[in-house]
Structures are given as structure tokens and as C-alpha cells.
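Each in C-alpha cells, the structures are laid out below.
Okay, so chain A shows up in both of these, paired with chain B first and chain C after.
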Partner chain A sequence: MSSRTLLSLCRPAIHSSRRFMATEATQLSSSSTFEPVRSSVQPRKGKKPILNTAIILNRSPLITRTPTTFERAYYAYQARLRRALSNPFPYEFYFKQGSILETRFEMEEQKRERRAFGPTFGKPKEDDDKEKAAANRAAALQLAEQEGEFEEMMPRSHSSDEAKDYKSLDRRGKRNLYLLLKDANDFWRFPQGGIQKGELLHQAAQRDMYDECGKHMDAWIVSRNPIGHYRPPVTLSPEGTPLPEQVTFFFKAHILQGQCRPSENMKDFAWLTKQEIESYVDKHYWDGIKDVLSDN
Partner chain B sequence: MLSLLQRFSPRIPATQVRCYARKAESGMDPKREIVRRSLYPNNRRNGPSPTGTWRPDVARAIQHAIPSVQAHNTIERAWLLHRRHVRKRREAELARKFDCMKGAMDELAKIDGHLYYEANRTENPRARSAVEQQMIRSLKSSEARAFDARIRGLVPRELHIPTDTPSRTGWNYDYKPFARPI
Partner chain C sequence: MTVGRAASVVRFGRPPAIRKPLRVDPRTRLPHPPVKIVTRDFAPCRLEDHYYSTLQDDLMYLTYKHELGPRPPPRQIRLTYDPNNPYSKYRYNPPVGGSQLGRKPPPPCTAENVIQLEMVQLHIMHKKAITSRSHLLGPIMALRALSGETEKGGGQHALEGVQIIKSKKQVGGWIRKGIPVGAKVNLKGHAMYDFIGTLVDFVMPRIREFQGIELPPPSANTETPAAVSGVVSFGLPPSAMGFFPSNRSQPGRVSRNVWYAYTFRDQRNRCRCAG
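Then we have the complex of A and B:
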């Protein structure tokens, strides 16, 4: 983000809290991080909202995304061009004349030539000694098998994808997965909790996460800065007076190992992609959190 | 591209070929001969490759690789457009996330000045906090090293980099809890 766009975004905020933003204005142009400033602002008249912290626990993608058909075609085209224009391979420098390794490389190279340019390229050279050439080729194939070149790779889709196991951390390897908990009122939400006295927000976030999801997870909280906030709609108490406002601050965390073991209050948990979360949470919550999550 | 096609068209003779062939000296080490032939091949031309030569059937290869000049230009433009789309989508997502972060910080500033100050403070990543100092005294040396290894502000090395195929062992579900005060 350039500093100019940063300043233009910050301008509306400066109007509302001019006194302690004043020293920040000059520093913002040099760095894109928020500089610490001691606030000399009086607390707002009226009740302060109740602060909550929540954790957006993310399992990053495990495998690379599949290239589109256009991308694959373009890469193949560029590879063909490079191959046509590149220096001829110095066989005698890298391989001993008549060795098995040279035969193996030649076979592979001819296959690559035919794949790049068509069947008129990559024709095997006519040798005088046909038997020796055939024997060399057989030995080269044997060598390839010994070195494990025909080993099977793991498939890119996991069994939990077909089984639709939403608790598995191996599902949807290409996507970002987020942890959602089902609380006692049957609402799906991120792990959340209040703040204790003398505690900072990110410390409260970690404590709440381990309280609700169990300690058997290696979770790394990225930073002290919240990445988003959510104000639930104001509800009325049984007497008809409005209940105090609540604000939830979200913190980003990554899960590196382990699994969630929800506490007794929580009915269920699931690891979901951004699109799946939309169908689980209610509309107001979704509108508050959708811009925080990754599209991938 | 047009110049490349013209240059390697078969009807143009290779007038730029310089022959540096030397008579094979008797008693020359075969290894030195091989290295000399690799670095200075017989059919040197003024090409951009390190030894200044092309493959023997370069004209035919280029004819098969490039459909036509117009097709090549169209492919290039389509690729740049595709990259632009991907870039714009990524930048839009980042802008949305940044706006969320900024909104959250502004809210926090309005609500509680002390928490806002603490959220913005950068701490020394190499220093151990008081809680961590106390914890480390009760740990074994190997555990203490694992404890120190995770530095605030740095990505931990356990964060998996995406690969083309998943690992054979899959996700590690058996993790022994290891307390790390934040």
C-alpha cells in the first residue's frame, strides 16, 4: 500500500480524534505501521461497550493451487520457445560416451522434444550397433526403476473431501480453513470470550481460544493488532431497556499442529472455507466478518 | 519476433557462421578437447547463448513453436491481461482486509486509550518478558531451546509451505501441549 493511499484513508479518522492523531500524521507518511501514542483523550461520555476478543484460527493451504488451462497452455508455449532458442546440450561434457546415464538422458530428452514440437522431432539416432543400443536402453529403464522414478505421488484430494468430514484438518488442501464453534444457543461463531482485569487484548484472545478450543493445538497468534471488529445488533432486556453494547475484536492466528477439542459449553466445531462459513453463520455476523477472511 | 522468424528462415544462408575448428593436435588430453569443444563449438554464430550457438535445426523448431507473429502478440496480451485480473483481485482483497484492520484500530482508540496504546506498541523480539523468564527456569535445556526458538513477530518454522502434493503422513493430530505465554 503506498503512503499516499494510506494518508487518504486516514483523513476521515483525524477529524474525529484530532488530539492524539496529530503526532501520528507525520509519522504515517514514513512507515505503514501504527506508531504508539499516549492518549490524552478523556473517556467518552456514556457507557463504555463491553469488550470481547475472538480468534480467527486459520489453517493455511497445504498444497499449491491448480493452474488454469490458460496458464498451463501459456507455460507450455513459453517452454517450447525457450527450448527452440536455447543452446544445444553438451552431451560429451556431462556424460561419458556410450554410458547408461547418457542413454537414459537421451531417451528422456527425445520424449520431451516430441512433446514440445511434434512427432517429427526427437527421433532416436541411428546407431551402427543396434544390439548394444537396445541393451543400453533396457539397462536405462532398469536404472530408472531402481532409483524409484515410477513412485506414486500422494493424491491432491484427501479422503476427508469425499467423506465431507468437516472436522478434518486435511480437507481442502488448496484453501484456507477457519475454525467455527457452535455455542449453547446453536449459533456458529468464532472462538470468543471476555477480557480480565489488567489483561491486554491479544493475551485475552489467546486465553479465550485455549479455554474454548482446548490446549491440544499449536496456535500462533500473528500480532497484537486486531484485524477486525464486530458490533452485534443492540438487544433489549426483559424490562425493555437496551442492554449494554458489546464489541468483539478479532485476532488472526494460525494452527500449526494438533486439533481442536472443544470445551463442554461448545456443542460442535468445524473447519470451513470462507464460502462454507456464509451458510453457517447468521447474516449480520457474516456482513461483519466477510472482509476479514481470505477468498482463497 | 518477426526478425527472429526471418533470421532463422531456411532460405537465408548462415553467412554469420565463423569457424574456429582447429586441427586435432596429437597428444592433446581428451578432457581438454571435450571442454574446448563445449565452450567453442564449431558452428559459432553471434547468438545470445553463452557459447554463441543455436541448435542445428533451430529454424524448423521455431516454425513449429510460434504459430505466427500475430498469434504470438495475442498470446502475450492475453497473458498480461490475465495477470492484471489476478493482481487486481489480490489488491482488492488486501485493501478490504486493511480497511477492516484500520476500522478495528479506530474503534479501539475511541473505546480505550490504554488498550489502543498497548496494541500499537512494538516490543523487543529478542527480550524475554518477566513471565517467560520465570517459565524458562523450570524447563529442561532442550525444552528451553524450543521455547526460545519461537520469536515474536517472526513466522514460526512449523508453518507449512504449500507443496504440489501433500505429505505422506498428513496433518499431525497428536500434539502435546506446550505452554507459550504471549
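Then we have the complex of A and C:
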């Protein structure tokens, strides 16, 4: 085998979008004779593939995932154990005697003890000066309010979740969202485009992203190397000869601010989770991209 | 089984009445629990979840180095001692000329091999402790408040808690060998992530004229074991100590006039910055 064909065989194997790179890498490094991983690759004489770059524009999760019931029970149990086994806390070293901070810490700690062990624990100390103790407690409550302790937290689901607004970037705060565009042929796909002469792959990816999604976004492409590739099924020209292959290389990018404003030839766009993407794209495309997208 | 109100998973009933008192350790006068208990994670960890949902993928893509075909076999260098000789069989036996740690290529990039935080070590050296060791109490309590680690805390036998550091060498006019001058604590797992979260959210934004964490320049030699160990060390000014929420309540304890040298070390496994 000539070195050129060796290289062309090697590149699709390494840039495979599969998550199990470990098995492939060890196979390659441990094998004494180099074997092609994909046996269906046949170098065509004179038909160079047309390269495209696509961007997997990702909005990272905004909030942490909800713990499962088992996790909540486990954490509550472990917290209670830890509290039962912990060393007594040296109050005197950390708080000045009679200060408001000391009173506040004592109040919070007694509440935590009662919640962990029952109403017989966490009883407030009997103070000689009841008025001063009450005044201290009131001051501590005021301090807590000033520091924002009793503020209401925002709900974990956004209004766009109920409204099912697929264009919103606030939807599904716990999941990774990806941008899909609907092109003129009614196909849903990632933003993609061709490569100009003398341009590197990652430069083409950035240019294509801003061309198709608009410049009103603050986006960051993660790396110079692609994260996966897709080879669509071979199509035949009207004469019956196979058309040159269109290989698409995917690049991951994060959207930090702004919103996508698709160009005129794009009909629609949507920010979708991995499971939602499956129902939007066609089967062959899905098989090519599903292992690149995150389940979290 | 009757269908009633679902029992809460986070609330507990009354603890059982003590019929027989627990066995007490004579030295510490603390009771022994009747079973061997090991406590583990007691809350979800925000930064750890962030690492697994966002950072890990990005780090894998950023640090990936493509390899064409299998690697050539490594150079066989003779070992320092004879491994068959029973006198030297179990000795540390590096190749002649050194451990080759920085000169070997890093392991191949895989999804299982992504760069990850292993441990954070906090270290405070207190100059005044050279004259009187009671000055060390402040740094020790500060580290205890920051980390929450105690020796064998929660039944974890490998935890060492806050350790006192003794000087190694004698430097005339300044320090003698073997005197306690500092304190350190190792953080792993959730404690480590929580600490880094606090550092990044509370402390670093408030440091005056913070220039960022200094990393070695691109021209630095990457063929040494230190360069590939994946350890990042940096120090913070003394004012940073007061910015931690756990130290907020004790502004007078950790003196702002004294210069503390802090070293925060993040150790990563198999760092791929070499080659």
C-alpha cells in the first residue's frame, strides 16, 4: 500500500465520531501490521471528496441537574451521619462572645440540629439576660435579611419550558442544547458550509457559523481540530456515475451571549436537546451525529 | 400495604432511646459507634457536575493530539540495577540516566484519559512561627475552617487533616532544621471542588490587581518530570484569606498584617502538555 492511501484510510478512522476512542486507539497502537478500521473505504481515482465544515453550537447547562430520590435520601442520611460524628465546633475561637454573628450562627445551628435529630435536640441555651438575647436574635434576623437569606429563589423551569418555545436559549436549563437549522429543502441539520481556497478547516468553520447563524452571537469554537465527521450516502449523477463525496467535519462551539439570526436561505432554527434532535433529523444523519452529542 | 402520604426521604424519626451507653475511648473520651462507619458525599457537587456535563468534552477536544498509525517501540535503555539479583530485585530501578518521565511521549489521547483535577493542596508558611510555635494556631485554624478536614474524618482512613510542616534545612540567621513553620491540608473529591468554587467565585474577583495564575511560558523546557507532572502552583496575597466565606466571621484571628505564603497546587493525572 502506498503511503498516500495509508493516510487516507487512517484519517476517517481517527476522526470517527464514536465515543469509544479508547478501543480504537489501543487497537492502532498495539497492532503490529496496520489494518484499516473501516473496510468500506475505497479510494476513488480522480474523485476527491468535497469537504464541508459544520458547527455544533452548544448552549451549556445553566442549572445543575435535579438529584434523584435515591440521591436525596442518600445525601440526607450522609449529612446526618456526618453531623452525628463530627467534632464539637470551637465557637469561641471563631466568634466573638456576644456578637450578632455568633447569635446568628447559633440560631442556624440549632435549626439544623432539630431538623437532623428531632425536637429534643437544638434547644436554645437558657440565657440570664432574656431581653438582650431577644434583641440579639432580632438583630441577627435583620442581618440575615440584609444579606438576602429569605429571598425567593427563581423557579427551576423557565416560562419557555411550558410554552415549548424551541427558539429560546433559556429552555431546559439542566440540559445541553444544540442549534439546528432548517434549510431550503426542509432538512434539519447543523449550520454548515464549504471551504474556500487557502482556508484552514477551523477558519472555514467559524466563517460558516457566522454566515449561517448571523453575527449577533458571542460564540467560541472549542478547538482547532474537528470532533467528528459525517459521510452521507453516495448519490448518483443523472448519468449513473457516482458524484464526488461530500464529507462534513464537525466543530464544537459554545454560545455565550446573543441569539441566532439565521440567514435568508434558512427557513427556521431551533435549540434542541439530544433526544429532541432525533425526531428532527433524518436517520442516516442521526446515526452519524448521535455519539457526538451529550446525554447530560 | 395501605396507600397514605408518602414518607419524606430527607426527614428522620426520633433517634432510638439509649438503653446501654456506648463504649468510650479512654484517651479521647469520645464514644465508639457500634459499627464501623465511613461517611461519604453529603451533598451534590456543582463544579463536579459542571466538569462532567461541559468541561470534560471540551478538554478532550482541546488536548487531543492525532496519531497516525501505531507508535514506534520505545527505546530500550538498560536499568540501573539487575532486576534478577535478589539484593536489588525490589529496589526502585529507573533506566540509566534518569526516569525518562519528561522525555517519553504522553499516553495516547482517549475518552478515558481526559485531563482531570486530582487533588488540591493548601499550604501556609508563617514566618513568626520560627520564633514561637503558638503563632501557628492561626494558620491551622484557618485551614481547618477552609477545608473542614480532620484526621481520619468520617472514617476515611487515608485522610490526614491539617498537617504541620517542619523546616527541612538550616539557613543561618533565619531558620533551624526541624521546627514547625507551616501548615498544609490535602483536598480531594467534593471538598476540592467546593474549595475551587469558593476560590473562583468569592476570592479571586476581590483580589486587588490580580494578574491571573502564572503558567510556564511556551519556551520552557517540557522534558523534565516537573513539567509533565501536571502540578500548577500559585500564591495569593494575605488579604485573600479574609475573602473566604468561612473566614468571614473571624476577621481578627487571621492577621492581615502578616504575609502568608499560600501555595495552591492542582495535580492532574497524566498531563499532556509535554510534546
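As a convention for this text, the second predicted complex is superposed on the first by the 205 of 296 C-alpha atoms of A that agree within 3 Å, B and C clash if a C-alpha of one lies under 4 Å from a C-alpha of the other, contacts with A are read in each partner's own complex, and residues count from 1 in each chain.
Following the convention adopted for this analysis, contacts are C-beta pairs under 8 Å (C-beta built on N, C-alpha and C of every residue); 3 or more make two chains touch, one makes a residue touch a chain.
All values derive from a computational prediction rather than experimental measurement.
Colleague: Determine, under the contact definition given at the top, whether A:280 touches first (chain B), second (chain C), both, or neither.
Modeller: neither
Colleague: Name the contact category of A:258: first (chain B only), second (chain C only), both, or neither.
Modeller: first
Colleague: Go through the superposed model and pick first if A:60 touches only chain B, second if only chain C, both, or neither.
Modeller: A:60 contacts both chain B and chain C.
Colleague: What is the contact status of A:81 with respect to chain B (first) and chain C (second): first, second, both, or neither?
Modeller: both
Colleague: In the overlay, answer first, second, both or neither for which of chain B and chain C A:170 touches.
Modeller: It touches chain B, and chain C stays clear.
Colleague: Going by the contact rule stated at the top, is it chain B or chain C that touches a larger number of residues on chain A?
Modeller: B
Colleague: Is A:203 touching anything from chain B or chain C once the two structures are fitted on A? First, second, both or neither.
Modeller: first
Colleague: Which of the two partners, first being chain B and second being chain C, lies in contact with A:105: first, second, both, or neither?
Modeller: second
Colleague: Per the contact definition in the header, classify A:95: touching chain B only (first), chain C only (second), both, or neither.
Modeller: Touch status of A:95: second partner only.
Colleague: Take the contacts of chain A with chain B and those with chain C, and give the residues found in both.
Modeller: 10, 20, 34, 60-61, 64, 71, 80-81, 85, 87, 93, 116-118, 223, 225, 227, 254, 294
Colleague: Give every residue of chain B touching chain A within the complex, in rising order.
Modeller: 34-35, 37-38, 41, 49-51, 53-58, 61-62, 64-66, 75, 78-79, 82, 89, 93-122, 150, 153, 155-156, 158-160, 162-168, 170-175, 177-179, 182
Colleague: What part of chain A is in contact with chain C in the complex they form?
Modeller: Interface residues on chain A, with respect to chain C: 6-7, 10, 14, 19-22, 25-26, 28-32, 34, 60-61, 64-65, 67, 69, 71-73, 75-76, 78-82, 85, 87, 93-96, 101, 105, 115-118, 120, 176, 222-223, 225, 227, 252, 254, 294, 296.
Colleague: With touch defined as at the start, can you tell me which chain C residues reach chain A in the complex?
Modeller: Per the stated touch rule, the residues are 9-15, 33, 37, 39-44, 46, 49-50, 52-54, 57-58, 61-62, 64, 66-71, 108-113, 141, 145, 150, 154-155, 249-250, 252-253.
Colleague: Considering the complex alone, what residue numbers of chain A touch chain B?
Modeller: Contact set of chain A toward chain B: 1, 9-10, 13, 16-17, 20, 33-39, 41, 43-44, 48-49, 51, 60-64, 70-71, 74, 77, 80-81, 83-88, 90, 92-93, 116-118, 121, 153-156, 158, 168-170, 173, 200-203, 206, 215-218, 220-221, 223-229, 247, 249-250, 254, 256-259, 291-292, 294-295.
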